[in-house]
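Per-chain numbering from 1; labels A, B, C and D assigned in written order.
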Amino acid sequence: MKLYEYEAKEIVSKHGVKVPRGFLAASINEVRDAVKKLGGEVVLKSQVLLGRRGISGGIRFAKTLKEAEEASLELLKMRISGEEVKQLLVEERICVDKELYLALTIDRPRRAYAILASTLGGVEVEELVKRYPNALIKITVDPVTGPALFTSRWLVEFYNLSKDLEPQVLKIIDSAWRLVVEYDAELVEFNPLALSCSGELIALDVKIVIDDNSLYRHRGLMDKAYRGLSDAEAIAKRHGLSYVELSGNIGILCNGAGLTMATMDLVKIYGGEPANFLDIGGGASSDQVREGVKLLLTNPRVKVILVNVFGGITRCDEVAEGVISAISEVGSVKPIVVRLIGTNDSIGRGILMEKGVKAFSSLREAVATAVELAR
Amino acid sequence: MKLYEYEAKEIVSKHGVKVPRGFLAASINEVRDAVKKLGGEVVLKSQVLLGRRGISGGIRFAKTLKEAEEASLELLKMRISGEEVKQLLVEERICVDKELYLALTIDRPRRAYAILASTLGGVEVEELVKRYPNALIKITVDPVTGPALFTSRWLVEFYNLSKDLEPQVLKIIDSAWRLVVEYDAELVEFNPLALSCSGELIALDVKIVIDDNSLYRHRGLMDKAYRGLSDAEAIAKRHGLSYVELSGNIGILCNGAGLTMATMDLVKIYGGEPANFLDIGGGASSDQVREGVKLLLTNPRVKVILVNVFGGITRCDEVAEGVISAISEVGSVKPIVVRLIGTNDSIGRGILMEKGVKAFSSLREAVATAVELAR
Amino acid sequence: MKSTAILVNEDTRVLVQGITGRQGAFHTKLMIDYGTKVVAGVTPGKGGSSIHGVPVYNSVLSALRKHPEINTSIVFVPAQYSLDAVLEALEAGIEIVVVITEGIPLRDELILVNKARSMDRTIVGPNTPGVISPGVGKVGIMPSQAFSRGVIGVVSRSGTLTYEVSMEISEVGLGQSTVVGIGGDPVTGLDFVEVYEMFINDLATKAIVIIGEIGGDAEERLADHIKRSGVEKPTLAYIAGMTAPPGKRMGHAGAIISMGLGTWDSKRKALENAGVMVFKAPWEISRALLNII
Amino acid sequence: MKSTAILVNEDTRVLVQGITGRQGAFHTKLMIDYGTKVVAGVTPGKGGSSIHGVPVYNSVLSALRKHPEINTSIVFVPAQYSLDAVLEALEAGIEIVVVITEGIPLRDELILVNKARSMDRTIVGPNTPGVISPGVGKVGIMPSQAFSRGVIGVVSRSGTLTYEVSMEISEVGLGQSTVVGIGGDPVTGLDFVEVYEMFINDLATKAIVIIGEIGGDAEERLADHIKRSGVEKPTLAYIAGMTAPPGKRMGHAGAIISMGLGTWDSKRKALENAGVMVFKAPWEISRALLNII
């Protein structure tokens, strides 16, 4: 779960990290007030959770009040990766000497956290890794004790900063680590982290992503988890399903992310186009299955539904019951191709048969049939 | 460094661990006040840092005020392992159903902390380990994360306590772990930990030992480190020397605990009797050596001094200088047998030679000479 | 090192943690039916009862005191309590802990995985279907019918996809020596490389099948390892997510920085470059195996 | 595993942490004089200078970037900063860290020792004289004159007592393959058992000498290990503290519960019971060795 930039900046500035002065604005009037309070040049930043804001034109600079008004008029009408821009962060423009990169995230191979740092700030980290690996260092962070003392010393040296800035670097690292400990952050990114013309370290952008699995211990964040989701995604999430909208016409519902992706791949190989990724997870109940099938039945773009479940911890009888009650609730006439196998599969097939739904046991046949029906 | 029982109880009771009500008393008057405030039967406990108080008769029970006065009169005159009893802890007497043992300490082989627990409280742990190993369990405590949640569950089961007492057990464990984290405790022992007749867990005795090496980060405790030491031990400690008084007449000064003990062993094998253990440690300065030699020169029981230094990080020239200046400061005529070898030994021997002190390079000869001179 | 199966063999004696829960009880029955020696179960507060004839204890300590032969544990406890359950199993001396539970916070996973490694113990998972050595025993939740005794070692990051591929392998008559789900979370106890090495040293395994998916770099690290060590047994791979649109998050992979890796193409290239054949459909793997074995 | 010395050999390239301090600078000189390849030093804030011709850096990171051949570090930094210095060396990828520093708080030692073990790195010490492979190199503070190239592997918990015993071994003409001080603190990186095993696998070592002292149970644990594995090379021991009065604390052993072990007699019995000869004076060991080799 991602936080908005303004929320992230609020938290790190409480930890003593310097950020530009700024105000949140949801209307032209509020933008005007903010620009007046700030004085001088400003930056107008769309507050969105998805997509690449910079490339999409979601960030604007303004030298005058008039420029700011014009820019925000445009921004407040924008959509970025489908997400409406509802709020802008209006900030003073900082004179920048050098842009750096600093992030704290998971290091999978070392089974630890790591600090990633680069002298090329403002660039996306994937880019950094691929194209400028020499401008990047990685410092392991113990998952229990956090960053060791030497970390700030190393960073000051690597960034080639004045020794006086070590306390500021330490504050930034501490802030990132506190976010891991107190909020279960899986990514805290300062990018760019600016060395200002006056010699201060200022976080121009801050990105915080919280581990979704940890939300039960951060009740205050739980309702924020639905922001930025489409209606269908929000419904799916509420029922513990994982849903991604795609562009085709074959609705796909499976158990397990790997099997769901494999089913999508096979649909493509057989010449079809998946309408979505829908993973009911492990051990789903009939209620969850019902809600998942309903999502596909009520999606006008979906022409055929392909259910592919290999029961393990998930039981095929629960799946069959979910499918049947979704059909009876929605009353839809869309064709549903079901492939059921694994735990309790004969019971499941029996339930479906009773209601006239045929269940395949071969994946190949099921995929071929679904693609055929979608033509 | 050990804390007094009353200090230990003060800390753990702040952590929510139940201890008997009690008052510190340094005089009969104070004992009288305490007994009156407590009402009923009391326990009078000598507050000392060394020795085995129970076996030495340092703990008394009293049913009446008169009994308490008589007992405390005796206690306040006592010495336990050479230490004067200056204060008593006067406590209410607790009705005990069951006595348990619980400690948190270092587990050397596992390189971790461990909780030791036994259903035989009131027995010394060495005794427990040797004679009742089946009545003892050891639960590893991670040196960073501390006791895991299951620990209190295990203990309640092992002690065969009612499930309702789990929160109390948890408080005791938490208190011990906070002592490790906040005070660098190397031992926190609740022994006995009583299950009272009213069904509560009450720590009848609490022992806390702080890691001496950590004292620099606990400034508040530093001056306490000298309590319970003899004058000579206190002087030695102040100069970073490690000193133990023994009963013989050959004063021994070496570098390193192992070499010091080996030298003591050899003196014994050659028929002599060591007057002390004095380890100047690694890398001692001439000032430290001087103070160490002065301690031996001024000890009337010491007839001969045997200095045995094998220089590594310790430099023989520093040692020689220290020996010479001690002799000139004290002006003593006690024979000093010096064995010097290792780092800068020829310089050191030169310094000694100049002042007429002969230095051996053979350990055997030095020991034989010292024993001979002490006869 | 000789063996006829990895991780789960004739000597495996199992403790079920969270045995009285819905999934714990259900799969205890299925494991017993499969012939696995399930010796005891734990649910705090439920000690003294029994489930499918298996005695239930309040703690792993008391279970181990009564059944010191237990060497393997399977964990079904809810995500909130999983870290403590695993630490409890480790402290009690259990060698292999299979963590079925899904949705454990990342930081808890990091702590438990590192703790086990520092004690030289084995964690399978979290978020794994477990381990099955067909015909010998299963410590997991996989449907038995997909598996049959044979010579192919299967290691997978996925759950259900593993069943799919294994069933194909069973259907062509080859069967599996052992099937290991390493778990689908970003951090796992065992990784591809370690299980691969176990299969290399396993006499019962003649070929190895890797089942991966997009995201992370577990497959690339395995490819690196095979490239360095050389291909010692025929190794085949199936990677899911070939057609997944880039930039979209499919399921649990999370927002963890991928360090520029993790696409289907990067995995395929890395594996092929190391001498591993990569296939696009589950049934292609089993056909290819038939040509090799 | 073949070798002609353990821990310190021809490939050893040394970094000195705390090189500008009094002890660091002094022993850097002595190590260089002995022929050890001291490549670089670190003292934060002193980067750019040099000591005895050795370049000084501000961090282990920059030292390793300039001298990637460094594989061993020796730590002289004050006790307060030792934990951080060791973590820094480990993060930079150094394989063997020899911690000379005395007086490090116990909890810091536990953290650094466990960290290194979980990374499969080697800590020698803390509170150790270091390691010397006579004629090859020394990473430590021991006086060179006590040692000579030979066939006896020496492992010790003591500092100066090690010199004493080694000198006796040198004087009878046998010499040492490698001498390892594991350190005198209750918690150490390498322990007796691990170094003993290294000597068993070391071609240059014909017999092993153990130097122990009263307190703790390190010697008993070694005895246990030898009893289980059988005596593969002649092993002799010298334990200091035979005449120390019980209940008194001699030096650094501390108030740690000894678990009923740690007396001279318990150590002697355990070792003799495992087939290890125990002697009462340093020179008895060297005489006995002469009869064996």
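Here is the rule we use: contacts are C-beta pairs under 8 Å (C-beta built on N, C-alpha and C of every residue); 3 or more make two chains touch, one makes a residue touch a chain.
Small disclaimer: the values here were computed from a predicted structure and weren't measured.
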Most distant chain from chain A by Cα centroid: B
More contacts between chains, A-C or B-C: A-C
Geometric centre distance via CA averages, chain D-chain C, whole Å: 41
Inter-centroid spacing, chain D versus chain A (mean Cα positions, whole Å): 51
Length of the line joining the C-alpha centres of chain A and chain C, rounded to whole Å: 27
Per-residue overlap in chain B, given as positions that touch at least 2 other chains: 144-145
For chain C, residues contacting two or more additional chains: 111, 114, 117
Chain-level touch network, classified as line, ring, star, complete or other: complete
Of chain B, residues touching chain D in the complex: 2, 103, 105-106, 108-109, 111-113, 116, 125-127, 129-130, 143-144, 180, 184, 186-187, 209, 211-214, 216-217, 242, 244, 246, 254-262, 264-266, 268-269, 274, 277, 279, 281-283, 309-314, 341-343, 345, 363-364
Touching residues (chain side chain C, partner chain A) in the complex: 23, 27, 30, 79-80, 100, 102-107, 110-111, 113-114, 117, 129, 141-143, 145-146, 156-164, 167, 184, 186-187, 211, 213-214, 216-218, 221, 238, 240-245, 248-260, 280-283
Chain C to chain B touching residues, read off their complex: 44-45, 58-62, 84-85, 87-88, 91, 111, 115
List of chain A residues in touch with chain B within their complex: 144-145
Chain D-touching residues of chain C, taken from the complex the two chains share: 114, 117-118
